[in-house]
Each structure stands twice: as structure tokens, then as C-alpha cells.
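Multiple structures follow.
Next, two complexes with chain A in common: one pairs it with chain B, the other with chain C.
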Partner chain A sequence: MTDIFPLLLILPLLGCLFVLFAKKNDNNSFHVTLFALLSNLAVIVRMLTQINRNDNDLQVFHFAYSWLESKSMELVFEANLFSLLVLMGVYIAFIIGIMGLTEQQRKNKAQMLMGLYFVWNVTGLLCANDMTSFYIFFAGMIIPLFLLVGLYGNIKKNSTLYLFFVFNFAGVLCLLTAMLFIYKYHNGNTELQNIALIKMPAGAAVVVWGCVCAAFISRIPIWPFHYWISSVNSGLRSSLVCVMTHMLPLTGLYGFLRFWQVTIPKGILPFVPVVVVFGIMTMLFIALIGLAHKDFLQKLFAYTTVYYLLFLLATIMLPEVYIMNIAYSLVTFLIVIASLTVLGLKAETACEDSDCDYRGILAYMPKLSNLFSFFVLVAVGLPLSAMFWNNFVLISAFFRIGFLLGTLMMTAITMICMALLFELFIMRNLTEKRVAGVQIEDISDKQIMFFMAVVIFLFVSFFNPLWFAF
Partner chain B sequence: MLGALNNFFFRYEERRSAYISVLTFNLVALIILITSNNFVQLLSALFVVDILSQLMIRDVEAGRRYVLLNMFADMILFTVLALINCRVASLDIRQIILYRNTGMHQDFVALAGLTALFAKLGFFLFQIGITDLKNVRFHRLQNILFLSSPLAAMILLLKFNALWRTSEYFTMYMDIVCILTILWGGLGSLCSNNLKSKVIYWQMSFWALFMELLRFHGFIWFSGFTFLLLEMYAIVLALYLLYYYNNRRVLMTQIQNMPLTNKRAVACVLLVIVAVVAAMSNTLTILYNNMNRYYIWTFAAVFVLTLSAVLKQMFKRESVKLVGYGPMPVKKFMLFELIMFCAFLLQDWRYAEPATWSGAVVFALLCACNPLAKTDFVYGIKALQNNDVLGRVYHVLVKSLRLCGRVFWLLIDRLFVEKIVLAVLSSSVSAMLRFFRRLNAGKFSGVLAFILLALLLSVSYYIGRNEL
Partner chain C sequence: MLESVIYLSPLIVLLSGIFILMFSEHGEDEQYGCFKFSRIMMLIAFVLTIIFYNKPLISEVTSGSKYTALFECLLYGGGFALLYLSRKWFASMNISGYTFCGSIFVALLFGCLLIRSQNMILSVVCCLFLIMGNYALLRGSSAKNEVAENVVAYLSALIICIMLLCGALLVFYQYSVSFDYSDIKSALLLNEGNVWLFAAASAILAVLMFMIGLAPLHFWYTQTSQKSVLPVFAYFVIVPVCACWAGFIRINVEVFSPLADNLYLFYKATALISISFGALGACSSQNVRKILAYGTIYHFGIILLVMQSFSLSAVNTGLIYLLVYLLAMYGICACLFGIKIKGEYLFMLDEFEGAAYKRPYISAMLTIFIFSLLGLPPFLGFFGVFSALSYLAKQDSFYQFGYIILMMIVLSYGYLQIIKNIYFEKSKENFDRADSGIYVAVLLNALLMIVIMLKPQYLMQDTYFMIESMFQ
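On to the complex of A and B.
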């Protein structure tokens, strides 16, 4: 079962190597990146087919590597159904992001290289099972992201970019502090699921878990730290970079999931209600802001934040039995936000010079508009994908914990869904535009075919989320 | 079937087969909704009906509020069903009986569920969703009002009434909203200058009455309800034909040549309307005998008075023969009559009483002389025509939410986070940098600071190990 597992980590690195030596100003780097992503996606699907769904033991693929020939520094990688599913979502989202690049952007070697390096880090993070490797990948992914955001982000204020980096770097330092403390009390590297069991003084436990929480929260835009992440997001014009920034909260979410896999550590237990309250407050606040904003990317950011917080609270508060519901929902969610990002950006770029509204059911680009409408409908929770009934199960579970909790969550979700639904009706009257003779090129047939495949994938997942593997 | 046949024979749509396929999909979704026995099936079918209704509307501007209100209703239902599911720990609808026995927040479940249904039906305070549909084609409007979300709402009521009735507020809330809807619908149908709006208001009243009738009958379906639905459908169809064969002019003030150009059509439609009113009287008599409620006649009075007044207004207008509008073709006339005759025969006439026929006679008389017909001066009041005062609730709700969002964004994001938190952080970082620069400027101060830090770390390490 473990034969092909190392491939998962090697293929993106090999891809990086090939991209590095590819010709400049050519499509070579794009094709290599795409090939690397597709081949790794095939590996993931193959691994998913090897998993016995009825097996209660989620840890199936195992791979260890002794670093510096020291037992205390052994790097351990494991993949289970959850991490593989999330990885699949990440890869599909990246492929969508890459397909959304313009001809000019596809020739940009640096962008491809950084993108692939980022994917490698995400892959490593989702497979890491020990503290050291987790930290390496957690820290490693901000370098390509920062470079790409800086180079292609079209950020108007330097201070925003600076804060974005400082904030993420502070998160990395927090995790480093926690890791050093853990290293001290455990005398070496340790597996993630054992961290909660390490004996340490009460004060040290508070420091460790406080740092861990701070590190992961730095990736999830919880109020009041959401500001600079949203500022960065709204300025991006490259679909790949946009998808990457949307992936960033996933790493924080996954961190919580892995560190609190067994139980919430006693050191942090009294502070959990604070995180929950802040999480719900942020959900409501961001949903309201999403309703007020007119910019689509801001709305999309608000939508992703609300849903990431939903998944975060599900991770913290719900029993382990709901973990697969989170996974199924998360896969669809990642694919949908990547598709909406690409389609939204494409339309926005096409309409930038012609002063027109573009989205919605009525639009100058009917093919794009139809696809956009479908993804909006999936995003707002219509029964068109696996997200619908898995979210239903999660919300039910929240109601079991508390009536107020469930109601507030549904209020936030309703508001943000309404905000997204407004996008379908953004264009009201085409008469003026018809008179003016506005003509904008629609998306190409190849792209339609590609997105139709995504649509089919999502729709079939409504009936069976693992239809492709079993 | 009537909707599809009507469209098939009369060719209202450019793409008939596409429209009929939407109707068929809608039928399938409604069948799934009726036969569903778990929450996921039920919600899926409900959402599919909503999507199909959007396809039926096909007018973005008209469908905007309709879709948003339906979405709002769906989210409430989603919440209610999630709450039920969490208590009974089963997706099986038949298990809701367990929630009745053990569940909490039953009042919330009942009131929220009813609110969702009211939003779907376009009842009082939610009417903005359906009044916007006046810009949709008439036959589409008719099918949306009968076959899409409102019908789905009725099916939900039949499925969940057993649960919702456990709340003591259920009846009170339902009565209040239904009575207000009937009255508001009556008023709207009399005051609106737009024939389609009138149909929408009548339909509002009708669904409110239908809901109340179901309640009086213990939410048990019987053939009388089916006939009532068909009768109302036939009346709207007849009104549509009046509109269609009279220049397709939707404003009452613009209908001019009613008795001149289409005598055959007008005679045919009038005959149908009188017959259907007779059939409706018959059904209401049966229901009245079964339930003994005077409430029914309130609606009947409102409906008959407003419908007859509107018909009288149509006929009393100045007749001008317009070029380009031919009479109703004989084939269509015969077909229409045939369908209506079959529908008429299908009625359950066993309980027909003199009162039944007197209903039709009274209606015919009212069409000739109805004092309410003189209220047509209201069509000229622009302020009244352009504003449904209570429909503004939607605007108030959405705009206030948006305003809240903007205020929050301005106060918290811009003012607090950007101007205060970030400014404080930047100042702190600058201050720390200055502090270190000054420390390093001296000969031993920097070294001393590092020694102090190392000492603190050593102490903390030592204390920590002892505690362990």
C-alpha cells in the first residue's frame, strides 16, 4: 500500500526541477506544471482506490525518512482518507487555477515554479505526521506565496503586502516556539497525534498551545486579523495566485485538525469558548461585510472566510465521527471557490476596458455566465454537489451542541449566500449595452469543456462523493 | 397537464418543447417532493423546484426578488430540518413524531417553518417576491403561481403540519397572516392597474384561503381541494385569454376594444368564468358543509366582488376597433371550450344546491352592475400604482443589512483595525527598533540585555524541569 506514497512528494519537486530548466517565454513550463499536477492527481486517485472504506483505521499510507541518521529527527509521513481527499481538492483547485491563466501568464516561468513549489509544500503539510516536517512545510509555503503576491498581486499599498508577510511570518515563529518547547519536553521530534499527550507544566502547556493556536489562526482570517488577508485578496489579478491565497486558510484549518486529532489539550481547554465566540462573531461580521461589498472578489473572500470558519468550528467542536463530512464538503468547497475565482477574474479582465457589468444570468458572455451561475448555485448550497448534504449533517451537529450556535451559524451562512446570489442579478438592463453594441469574447470551447468536466464531477459527487475511487 | 396542453395547442412559446420539458422536470421534482421520505430527498426536490421556477420566469429583473426570497425561505427550512435532524438523529421524515415527543424549540420550528412557507407563497409582507412577476409572460406567470414554489410550500405544509401543530402559536400565526393576505390580495386586485398584478393578488388570496381550508379540514386532502385548484387555474386561464385576444394590453386603462374585435372569444371566456364560478361555489359549498365555517364566504365575497368589478371595468371602457388583431380562431375556440367542458363535467355535482347556482347568478349580475367598478379612478394614482407599501419591507430589510455591513466595515475594519491596531503595531515595532539601536549604541548595554535574556531563559528552563 505504501509503494506509490513517496511519489506524491517527489513528483511536484521533479516538476519544479523541470520547470526550472524550461525555456523562458514559452509554454513549456505551463505544460510541465500541468503534467506534474495531473500525474500527482492520478497518484492520489490511485491511492484512494486502494483504501478500504470500511476500515476504521484511517492511517493507511505510511512513509518514514531518517534525517541526519538520528532517530529523534525521523520525518514521518502518513496519508489517510481525509488528507487524500483534501489533497485531491487542492490539486483540482490548482489545475483550475492554472487553466484560468491567460496566454501571457502561462509563459511566466517564475509563476509556474513558485506555484508548483507551493503545491509541494501543501502536499507535504497534508501528509506530514511529525512536528518537524509539519513545521518545514508550514513555513515553506509562505515564501512562494509572498513572492507571487508581491510580483503579480497588483497590490496598491506596500504596507498591505508587508503586513501580510509579517503576519504570516509571526505565525511561523509562533509554531517554531511551540515546536522548540515540545522538543524540549519530549527530547526529540514527535508525531502529531502524540503532542496532546506530552506531559509539560501548566504554564508551558499554555504557551505551547497558545503559540500553536496563534500560528494556525494567523492563516485563518479570524477577526481582527482578517483585514490584511482580504486587502491582499481583492487586488490579485492572477487566477493561480488567487487560488493560492484561498488555500492559505486551509493550512491553518488542517493544523487544528491534526494537532487536536485525539482531544483538545487541557492547557488550551479554557480558551476554546473564546475561539468559538470569536469565530462566530467573525462569521457574522464578514457575512455582513460581504453583503455590503460590491466587489466580487471581496464577496468571494467573505464567502470563503465564513465557510472556513464553519469548518474550523466543526473541527474544534464536533466529534471525530464528522471528520469525513468535513472532508467531502471541503473538497467541493475548494473546487467551487477555485472555479468562481477563475471565472470571476476572467470576466472582470475581459470587461475592464468596456465599463460593463459582466456576471450573472444576463451577461455579455453567456457561456461563462452559465458556468458562473452553476458554481454560484453550488456555493450557496443547492443540491448540486456533495457540499449540500454534508453541510446539512454538520449544521445538524452544531444544533445538537447548542440552539443559539446553530442559529447564528445559519444566519451567517444565509447572509453570505444571499450576497453571492446577488451576483447572479448584477446586470439589470441590457438595452443600453445592446444599443452601444458592446461585444466581448466569451470563454473558449476548450475551457468550456474543462469546466463542464468539473461540473459533472461535482454533480456526480452529490450522489456519491467517492464515485471516482470505488 | 393543463399547462403543457395549453402551451402545446396555443403556441405561446417560441420553443414549446423546451418549456414543456421544464414543466415536466418540475412535475418530476414535485413527485419526488411528495414521495420523499427523508430530509435530503425533500430538500433536494424543493431546491430543484426553485431552480426550475427560475427557468420558467426567464426574466432576470422580475425573478430577482422571487429567487432571493425563495432562497431565504429555503435557508430557513434547511435550518428547521437540521434542528429536527439533530434531535431525532435520523433523516427519515416519519421519525418527526419523535421530535414532537422529545424535541425542544417547537415554537421556533413551527413559526420558522411557517414563515418559510409564507415567503414561498408570497403572503402578506413577502408579496414583493411575486408581485415583481408582473413582467413575466402571462402563461408562465400562471404556471409559476400554481405549479412551482407555492405548490411545493403546500406540499411541505401537508408533510410537516403534524409537527408544527404542536406549537400553540401555530394556529394564531397562520390565521393572522392568512386573513391579512386575503384582505391585502383583495385590495391589491382592485387597486392595481396591471392585469397580471391583479392575477397575482387574487392568487395570493386564493393560496391563503386554501391554507385555511386545509387547516379546517385537519390537513387531510380530498377531491374538493383538487377541484378548487383546477377551478382557480381555469379562471386565471380565462383571464389570460381575455388579455391575449385583446391586444395583449396589460394595463386596465389601455384595454379598449374588448367587445368589438373578439366577440367570440369574449363570449367564450365569459361563459367559462361564470361556469367556473359556479363550480367553485359548488366546491366551497361542499367544504362549507364539511367544516361549517363562515370564513369561506369572506374569501368568496372578496373574490367575486373584485373579479366582477374588474370584468365590468374591462367592458365599460370605450371600444375602438384596432387593426391587426383578428378574432379567435374557430379551432382554438372549440378546443378551449372542450377542455373547459370536460373540466366542468369532472366536478362533483352530487352536492349541488340552489345556493351553488345562485353563486354563479350573483356573479353574473355583479358583472353587470358592481358599484366597486367605479373605483377605477385609482388606476390614475401613480403613487399607488408604483408602490406596494408593505412590499417595501424587503427593501428595508436588505438595505438595513447592507447598511449595517458598511457601518461595521467602516468602523471596525477601517477605523479600528487599520487606523488604530495597525498604527499601534507599527509604532510599537518602530519603538522597539529604536530601543535596540540605542542599546547597541552604548558599549555594554547591548551585551547586558542579551545576558539578561539568557538568564531569564535559563531560569524558566530550570523551573520548568522541576515542575515536570
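On to the complex of A and C.
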């Protein structure tokens, strides 16, 4: 069953190589990128079909690469149902992201190259099963993201860009510190599930786990560090880069999922309530910011943050049996935010290119309006996708832990959903007189067909989240 | 007799090269000829060096091993690349390349001797000639008045170095009646706690540290780097540094090991000062070469911090970091050769604005080499940072570990300024077309790095076997 697993890591790299030698100002690089993403998606689906759902042992695919010809530096990769599902969500989100690029943006080789390189890193991270490879992919993804945000963002202050890099770099160095301490006490590389078995002094354990948590929190915009990600998002006009920035917190969340579920030592358990309190505070705070913002993409950022924090708290507080609920919900969530990013960007760009007011812009673009409404309704949790059931299960589990906890979470989610619905209302409602003679190009038929496929995928997942595999 | 002459042949080739360059006609038409001749001579010397890598160049006072061969390869590689990349600039600027080629030959000759030396007087002579070679090059490249001021400062330092080295030699001779490394080591063991011997050893080490550019003796290094022309800058960050590190490590391991406990604190303080000065200096500069020079001081500080005990594993770790640094620096210099406007190489950050739009491949490689210096995976620099920090963690040097991490974040700001200007600013100037030679040099460097990244045992394990013989 491991035959095709290495392809997951090879295909994006091959794609990078082809894009590197593709012609400039041509669609070649776009086609190569799309082909590489679709091929890997096919590999993921094929792997999912090979998994026996009734098998309790989740780790199915495995391969190792002896990097230093010694056991101390053997890179181990494993994929299970959970990681494959999240990977599938990531790939679909990226495909949506690159399908949303304009004709001009599709000819940009650098964007495609760095996008594919980022995907390779995300793939590696989700498959990594040892400390070294996990660190390599965790650290590797900040380079393309920094370059793309700098190239295609509209960051007014240079200090924001530096802060973005420095903050992420500090997170990377925290993980490096944790990794080297683990090396010290284990005399070499170790598989993630064995970290808890390593004997180390209590002080060292606090340093290791403190660094691990700091590294992952650096990727999730928990207050007071939420500013950097919202500021780099502002002004981005490339749907691919937007999807990438939305993907960054996923890496932090996944880190918590991999480390927390099996390896949490008793030494840091007293700090858990602090993380929980900060998490809930941030959820409420960001949801309020989302209500106050007047820009759809900012509201979307607030929405993603609130949901990422929901998944984070679920990882920390809920038992392991809920892990598949998180996975099913996460897949839908990734697809929905990618779709909303692409469609929202289209609406905003149309608004900038024409003389029309932002209020009621969707009234000029009926096809886009219908699709946009569907995705907003999925995002707010209506029974249209797998997110409905699984979020319901997660939130009820929180209520079981504590009524206050559940109430606060529901308050944050309700506020952020209201913000999205309110924005939808503003964008659709044409209270002012329609500007005569204004023609705004709606999305193309090809794009409608593409998004219809996404809609069908999501809707069927409401009945069976793994309908395509089993 | 014949055998000795054959073993000496690399030096004879280099020496004859120096004499031919000194006495040949310095005409404008001879520019390309001078560089071509130098390259051929260097290639012959290199081949002979590799063939006789484990033979003594001069019996009794030198010895060869895999360790010396490694540094000689790096030295020749750097020198050859410099000659190859700088020839067009000298021709286009109508500046005589004879001094430059001659200085590289002097550096190679005395650098190789310093690497292989096992006699203190020979090492001291090599150091002096290397300093004088640097001085000649600085003087030759001083077109502007500011550089001339540095030349005067360097000359004063040269005089102080001569005095220090002569004093040290006298002290060593008084106690060991020989200049052989093993005799001096025996004298140090016999006269444990002798202040004069410690002072003499410190004087030798201080001169070497001055040549390497470690803080607080780094003033000449950063000042000359920011103002000298690119070929001279590249020479300073690669060629003498490589020879001096090799000599510094060898002297510490083979001669001054009895003083290791006394030198430990001295090295630690110097290393921490270098790390701080390097990281903070890189952030405060607007000159790309000064940023890189300060970055170099930071990296050398880490190497010294790791090597402070000069045990086998410490030297191995420091060597890995040094090799990674040298490869990245070769690449950066090659890339800087490819970014110029109207035939002039660039100094200031704002001159690099938008270079990525006009020279995308060279800019991309420059960015990769810079990220490699920051130790980010999957680039080669990761191995350097990984081995250095891993070593410190194993030694329970947690404060030093934390300090390096902190300063690395500070240093990243300096490096990011270069990347920001290259990528995120609009291009105002038309950048010149880069030679195909520059692309070849960058590609070769990148290929070498890729090979080592795929097979890291060449770097992480084979270096161990190379230095093992020094400790036997």
C-alpha cells in the first residue's frame, strides 16, 4: 500500500522544476501547476480508497528516507485517514485558489513556482512523522509566503512585512530549540509518537513543550499576536496568495493536533487553562472586530481565525475520539474559505474597476451572487455540507465540558456568522438606484462549472463525508 | 632531493607565477592575458597540490593531510572563481589586474604554507605575507580618499602585528629553543602557568583573529568591505579568511592545546562580542557589503563559540559551520558579480531595488544563499546551524544557545533588507546583462550545495575523518 505514497512528495517538486523552466509570460506555468495539483489530488483520493475504514490503526502509509545513512537522521513519513483528508482539503483549496487567478496573474511564473513550493512544504508537514522532517517542512514554508506577500501584497509599512517574517522565524527557531533538546535527550531523531517516552528533566520538558507551543501559536493568530496575519492579508489581490495566508494557521493547528493528542506531558498541563482562556478571549475579540470591519476579506480573515481557534480548542480540550470530526469539518472549512476568497476578491476587483458602489455589487453579477450566497450559508453552518454535523458534535462536546465555555464559543461563532451574513446582505442589497448602463463582467461559464462541481462535492459530503472514497 | 623538489612543485608554480606577473608588461591589451595566465598557473598548482596532498611541501616544517587538502581546495576554488569572475570588470574599468592577480597568488602561496605549516616561524612569516598581500590589494584598489584612510589604519595594524609576532617568536625560542610545533607544545606543558608563554600564544592568536576579522579586531574588515571594489571585497571574505581559519584551528589543536583551559574564557568572550557586533552591525547598515561583512563576523563568532574547547567534536562542528558559510559566501559573491549598473558593481541597498525583475535567476539564487546563511531548511545552511546549536545543547551551554537564537533573529533583519530591496521595490535602473560565466559559477555552487543536501554525510561525517588525524 505504500507504493504511491512517495509520489505525494515528488510530484510538487517535479512541478516546481517544470515551472522553473517554463516560458515567461505564458500560461505554461499555470497549466503545469494545475496539473501537478490535480495529479497529487488523484494520488490522495487513490490512497483514501485504499484505506480500510474499519481498521482502528490509523497509520497506514509509511516510508522512510535515510538522509544521513544512520538511524539518527532517518526521515519517516506516514499518512493516515486524518492527514490524507486534510491534505485533500488543502489541495482542493489550492486548486480553487489558482482557478481564481486572472489571465494576467496566471502568466506569473514566480507566483506559480512559489505556490507549488509552499504546497510541497504543506504536504511534507502533513505527512512528516519524525521531528526533523516535521521541522524542515514547518520552517520551509515561510520563505515562499514571505516573498509572495511582499511581492503581491499592498503592505504600506515595511515594518509589518519584517514583523511577519521575524515573528514566523522566531516560531521556527522555537521549534528548532525543541528539536535540538529532544536530540540531546534521545541521541538523535525520533518519531513524533515517541517523544512522550523520552526521559528528560522537568525543566527541560517545560522548555521543550513551551517552545513547541510557542512555535505553533506563532502560526495561529492568538491575541496579542493576531495583528501580523491580518495586516499581511490586507491589500492582497492574488487569490492564490490569499489562500496561502489562510493556510498558514492550519500548519500551527496541525502541529498541535500531532503533538498534543498523544504526547502532552503532565508538566505543562497547568498551562492549558491559560491557552484556553486566551483562545476564547481571542475568539470573542476577533469576532467583534469582524462585526466592525467594512471589508469582506477582513471579515473572512476574522471568520477563519475564529474557526481555527475553535479547532485548536477542540484539539486541546476534547478526547481523541473527536479527531475525525475535526478532520471532516476542516476539509469543508478549507474549501469554503478558498471559495469565498476567490469570489470575494472577484467582487472587490469588479467594484474597483467600475464606478459602482461596493453596496449592491453582487446585484450586477447574478451568477457570482448565487455562488457567493451558497458558500456564505455553508460557512455560517447551515445544513449544506459536512461542516454542519461535525461542528454540531464539537460544540455540543464543549457544552458538555462546561456551559459557560460552550456559551462563550457559541457567542463568538454567532457574532462572526452575523458579520458574514450582514456583509452578504450589503453586497446583494441595491437600495440605491442602479447605475444605468453599467456592465460588470460576471464570472465565466468555465468558472461556474468549476464552482458547481465544488458545490456538489460539499453538498454530497453532508450525507457522507467520504462519499468519493468508499 | 628530486623527491623534495617534486613535492615543492605547487609552490614553485605559484612563486614563478608571482614573479612573472611582477615583471611582465602592464599594458591595457594584456588584461585578459594576465587573468588567463593566472588561471592556468593556478590550475597547474592546484592539480599538483591534489596529487601531493599528503606529502610535505618542505620536509620538517610542513605536513599534509586530508584536512590541509580540504582547505587548499577551498582556497584554490575561491581564488580561481575570483580570477574568472573579475576579469571583465578590470578590463571594462581599464584598471590593471596585475596587483589583484599577484595578491591572489601571494595569498594562495602563503595560505597553503600556513595551512600545512608545523613550524611557528613559518606560520608567522605566512601571516605577515598574507597581511602584506591584503595591504597591497587595499592600496591598489584605493581609488577614493576614504579607502586611503583605511589603508593607513591597516598599515598601523600591520606594524603592530609585526611587533607582536616578533615578540612572540622570541619568547617561544627562549623556552623551547626551536620553532617546531611539537617543541613549543612540550615547552607549554613543561612551563604550565608561565605568563610569558601565555602572552606569546595570545599575541599569535590575536594576529590570526585580527586577520579573520573577529570582534573587537574587526574594524578594518567592515570598513574596507563597504568601500572596496567587489573583487577585493570577495577576496577578503573568502581567500585569506579560509587560510587563516585553517591555520588558527591547527595551531590551537597542535600547539596551544595545553593552554585550552586558559584560553576558553578569552574565546568565549570574543565569540559573544563578535556575535553581538555582527548581528547588530548588520541591522544598522545601508551598505550591502557592510551587511554581509557584519554577517560574516556573526558567523565567525558562532564558529569560535562552538570551537572554544578545541576538542575533536567541537572542531568538527565548527568546521561544518565554516564550510557551509564558505559555500554560501562563494555563491553570494558570484551573484553580486552578476548585478551591476553601467559596468559598476553596487554598494548601497537602494541600488539593488527591483533587481529581481531584471535579473530573476541571479536574484533568486542570491536570496537562496542568504536564506541559507540564516540556516533555514531545506538549504545547506540548515546543517551548519543544526550542528552548531546541537553541539551547544549537548554541552549544556543553554545561555549561549539562547543568545545565538536571539541574535539570529536580529541578524535576519539585516539580511531581509537586501531581499526586500531586490524583490519588493520597483526597478529604477537598467541592470547590465550578466556574463554566462557568472551563471556557470552560480550554477556550480548551487549544484554542489544540492549534492551535499542530498548526501549530507559528505559534510557531516566525512569532515570528522579529515580532522581526526590532527588529534592523534
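The definition used in the following text is that the second predicted complex is superposed on the first by the 452 of 470 C-alpha atoms of A that agree within 3 Å, B and C clash if a C-alpha of one lies under 4 Å from a C-alpha of the other, contacts with A are read in each partner's own complex, and residues count from 1 in each chain.
Throughout what follows, a residue touches a chain if its C-beta (ideal position, glycine included) is under 8 Å from a C-beta of that chain, and two chains touch if they have at least 3 such contacts.
From a predicted model like this one, the values you see are computed outputs, not experimental measurements.
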{"item": "Dominant toucher of chain A (residue count), chain B or chain C", "value": "B"}
{"item": "Chain B versus chain C as contact partner of A:Leu310, first or second or both or neither", "value": "neither"}
{"item": "Partner chain in contact with A:Tyr183 - chain B first, chain C second, else both or neither", "value": "second"}
{"item": "Partner chain in contact with A:Phe399 - chain B first, chain C second, else both or neither", "value": "first"}
{"item": "Partner chain in contact with A:Leu163 - chain B first, chain C second, else both or neither", "value": "first"}
{"item": "Which superposed partner A:Leu87 touches (first chain B, second chain C, both, neither)", "value": "neither"}
{"item": "Partner chain(s) touched by A:Val232 [first = chain B, second = chain C, both, neither]", "value": "neither"}
{"item": "First, second, both or neither for A:Gly140, with chain B first and chain C second", "value": "second"}
{"item": "Overlap of the chain B and chain C footprints on chain A, listed as residue numbers", "value": "184"}
{"item": "Residues of chain A that touch chain C when the two form their complex", "value": "67-69, 73, 110, 135-136, 139-140, 142-143, 147, 150-151, 158, 161-162, 165-166, 169-170, 172-173, 176-177, 180-181, 183-184"}
{"item": "Interface residues, chain B side, partner chain A - complex", "value": "39-40, 43-44, 47-48, 50-51, 60-61, 63-64, 67-68, 71-72, 75-76, 78-79, 81-83, 85-87, 104-105, 108, 401-406, 408-409, 412-413, 416-418, 421-422, 461, 464, 467-468"}
{"item": "Touching residues on chain C, where the partner in the complex is chain A", "value": "360, 367, 371, 374, 376-378, 382, 385-386, 389-390, 393-394, 401, 405, 408-409, 412-413, 416, 419-420, 423-424, 456-457, 460-461"}
{"item": "Interfacial residue positions of chain A with respect to chain B in the complex", "value": "163, 184-185, 199-201, 203-204, 223-224, 227, 285, 288-293, 360-362, 377, 380-383, 388-389, 392-393, 395-400, 403, 406-407, 410, 413-415, 417-418, 421-422, 424-425, 427-429"}
